[in-house]
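First chain A sits with chain B, and in the next complex the same chain sits with chain C.
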Partner chain A sequence: MAFDWSWFWPQFFTAMGQTLYMVAVSLLISIIIGIPVGVILVITRENGIWENKWIFNILNVIINIFRSIPFIILVVAIIPFTRWVVGTAIGTTAAIVPLVLYTAFYIGRLIESSLLEVDKGTIELAQSMGATNWQIIWRFLLPEAKASMVLNLTIATIGLIGASAMAGAVGAGGIGDLAITYGYNQFQTGVMIVTVITLVIFTQLVQTLGNFLSKKIRRK
Partner chain B sequence: MKKFAILLLGLILVLAGCGAKNNSGSTSTKTIKVGTTTSEVPTWNLIQKLAKKKNINIKIVRFDDYVQPNLALSDGEIDINAFQTVVYFDDFIKQRNLKLSAIGTTNIWPMGIYSKRYKKVSEVKDGDQVVIPKDPTNLGRALLLLQKAGLITTKKGFTGKGGLENVASNPKHLKITAVDAAQTPRGLDDSALAVINCDMAINAGLNPTNDSIFREDAGNKAYINIIAARTKDKNDKTLKEIVNIYHSKEVSDFIKKHYKGAAVPVNKPVSYLKDYKQTQ
Partner chain C sequence: MLVLEDIHKVYGKGKDKKVEALKGINLRVEKGEIFGVVGYSGAGKSTLIRCVNLLERPTSGKVLVNGIDLVRLPPAKLRQERKKIGMIFQQFNLLQSKTIFQNVAMPLVLEHRPKEEIKAKVAELLSFVGLEERMHHYPDQLSGGQKQRVGIARALATDPDILLCDEATSALDPNTTEAVLALLRKVRDELGITILMITHEMNVIRDICDKVAVLDGGKIVEQGPVIDLFTEPKTQIARSFVKTVLNDSIPPSVQKLIDESSKDNPHGIYRILFKGASTNMPLLSNTAKQFSIDLNVLHGMITELQGIPFGNLLVELKGDPEEMKRAIQYINDHEAIIREVEKNGI
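Showing the complex of A and B:
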């Protein structure tokens, strides 16, 4: 049976919309959660500017828990929570909840590593000038780490695109799901090629944009 | 993986050799590796026990998906597999050009429509959400079942191959969402109807006989499960013996009891399946 391409293209554009929607919304919420998480990890750690063993260790364990759960199991484990947040556990919007949990803590870790690269001398200098902790974070820590943070967020975005393919398990749709459903499961090689090339282009664009932004920030 | 397989094979040969020595006089023990999926393992545990009496040593290899067992069979890593419907099998070997043959029937797991909201299919409302499994065989099978239940019609000539593009009319404007097969029971709380494979329903604690509101009938030949072997081994005596054990009363009784009617034993020769395309 020949594959019906006339049916494929509308399907393809719907899937494209679903992927963009899932990735954009999840990324935005993940950044809003992830950056504070990264900052808290850095300031509460030993010798941090607001050292607090309890907060650091608890947060550290929580992040490790979420980061070690395979995505598909995370999706299932948080179904009641997902339903509570968006009202259903099936579909594109429902997939955003596990995608956020998956990505936010990952971003938290990446931001942590970016912030740790900031020279200790800069922080000490700020402290000696009498800056408050709040000022140190906003005026020194985050601006100093900006270029590295942009690169790390690029990594997170590409990871998120990959994870969104698995969200097809709960009927979220998307390009990755199209690749799996028709390309992998139904042996439609043509569909597989088109969808995979789309994902490659998508990833290239994100990485190029990330590199460009990071370079621009560094040059300032 | 290959090295491991060779090592394993070597080990098996050595063990088989030992077995032969111990049983000098009688026929030598043969080791047959059977690939199957989780839900079928209890049946194979029993067959393993029965086969031992006939000097056949069965090793059960459990798989988690429906693609690898056929590839492993074709590559010689296992000797037979038993997990798939005849329609899926025929399609798979054609697509991948594998030299595999069905050597016996096993059982049928009738697919069902489940609902927490409704007791009858006729209660379904306009615009309701329906979740169905997304893997190709089950997706088509689910569409055929929805058609049989009078909820949708499929395109002319649709025999269960392909996806949602084969829906011809959907008078109740059902929102049909294809999800991972394992997610269909989990979707019951979010959607009006869920089309669920028998084994998934059992794994999720549903009772296929009592909890479903509409079921496939057991005479649906296309969805009868089979035992497959490499074509060159299809007349192998040991393999035929295993099929015979599968068709024994002891195994049939076990299937009926263990799966509580969810799996119905089908003890027919392979030729029974020849005309399945007309019965779809």
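Showing the complex of A and C:
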């Protein structure tokens, strides 16, 4: 059975657009949620600058719950919630909801670990200067953790690309969907190879960009 | 002026887990003084210096800075007072993501000072510590000594009354240590800033401190002017600290004489300590001339501590016991201390 490639390429570019859209929007929202989550985890923990056992423990459990559900199950499990947020549970935009829930808390964890890498002395220094907690976060913690945060966000982005491929299961489209529909279900090896190479290149590009930015921030 | 009154610090909760790091610290640092606290690791030095600006909150006691008790201040007032207390650290704690200029400017940025003012002030501070041409470098491009200079410039940015030095030279080599200590002396001499430093290095105490306190097991076991601690340490721990820079241990050959002595056969070995004016007068030669005894110098040194000459000699006295007594009395009357060396070498 010959495969009609002329018909494939437009499909491919639509899928590319869908993947980029899902990843970009999900990433942006996840970062907006994830960074504050990471900051809250660090400041509310024991001996943090705003120690609060309750907030820390509750947030910790919530994150662990979301982190422990496999993405494909999460997509299905939160369908009512997705419908409530975007009005539908099917399509590219609908896929953003589970992608964000999956990625935002992951980013929260990664940001937490980046912030914990900042030397304890930095906080002592800030306090000795009479900095407010707000200033400690903005002027000391986040800038000092920036290079590490960029690397960790790169890891999260690559995880997100992987998850977005699975979002095809709810009709989200995208490169992953293309691979499953044509490459897997219709045994089109050529399509499978093209899509896999595309994902590999995409991942490489993201990692290279992340390394470059982090290095630039570190200046070494 | 800085006064610590009966500071206690207890870590942990519950009967078994409680650790008392500070057990009633009383200190008084006068304006413009350089006060050193020396102790071994685990003595509580680090906790003590952090109790001054409340990086560690004392469990009880008062921290009086210019008469204001910091412990009782609400958070916002405390932050204001902290700006009058600069601090430098063993590991420098420079912000790696910022240039030297930005590091020094940080305390001023936190206060939302105008840009032009910050620029002028940072330039002035960097020239004070001799690093103006390094303004646009990053901390990892500097040597340890330069990093500590940046730390000092930054600590001075808010024109503090007090500077806290947390093992400020412990990560530096001897030459760099000397240069940083010279800078700290300049901070005191030219800016009139009171300095409280903790260290385990007795040479730091010897080189720049006016007064010293010896901390052991969370308590101050001895304190006073540095020259007194060096010449007449009262506690074993103070003696062992003094020994690290002024070796006054008894050489083996002399120790042998002491060990072999008995009540009927005294060794006649004495230690003579003299300081200040008495070093300028030929005390030993006068003694030998005036009394019919033999005076033999076995071992010793004469040095200078902060401009005050100080000697520590081991001598052997021989002669008629009555005459020796009179000679000893004579030495004691001339601002020197003489005492028979005990078997443990003290």
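Brief remarks follow.
Following the convention adopted for this analysis, the second predicted complex is superposed on the first by the 219 of 220 C-alpha atoms of A that agree within 3 Å, B and C clash if a C-alpha of one lies under 4 Å from a C-alpha of the other, contacts with A are read in each partner's own complex, and residues count from 1 in each chain.
We adopt the following convention: contacts are C-beta pairs under 8 Å (C-beta built on N, C-alpha and C of every residue); 3 or more make two chains touch, one makes a residue touch a chain.
What you see is a predicted model; the values in this text were computed from it and never measured.
Superposition model on chain A: chain B and chain C are shown accommodated side by side without a clash. Using the contact criterion defined above for the overlaid structures, shared-chain residue A:140 touches chain C, although it does not reach chain B. In the superposed model, A:130 makes contact with chain C only, not with chain B.
In the superposed model, A:182 makes contact with chain B only, not with chain C. Contacts of A:17 after superposition on the shared chain: neither chain B nor chain C is touched. Of the two partner chains, chain B is the only one touched by A:88; chain C is not.
By the touch criterion defined above, A:119 reaches chain C but does not reach chain B.
Of the two partner chains placed by superposition, only chain B is touched by A:76; chain C is not.
Annotation: superposed on chain A, chain B and chain C show a minimal Cα-Cα gap of 48 Å. Applying the stated touch rule to the two superposed structures, the chain B and chain C interfaces on chain A have no residue in common.
By the touch rule above, chain A contacts chain C in their complex via residues 119, 121-122, 124-125, 127-132, 135, 139-140, 143-144, 146-147, 217, 219-220.
Within the complex formed with chain A, the residues of chain B that make contact are 95-96, 129, 131, 134-136, 161-163, 165, 177-180, 182-183, 186-187, 189-191.
The touching residues of chain C, counted against chain A in their complex, run 50, 53, 55, 78-83, 85-87, 89, 91, 93, 95-98, 106-107, 109-110, 138, 140, 158, 164. On the chain A side of its complex with chain B, the touching residues are 1, 4, 7, 11, 72, 76, 79, 83, 88-91, 94, 168-171, 181-182, 185-187.
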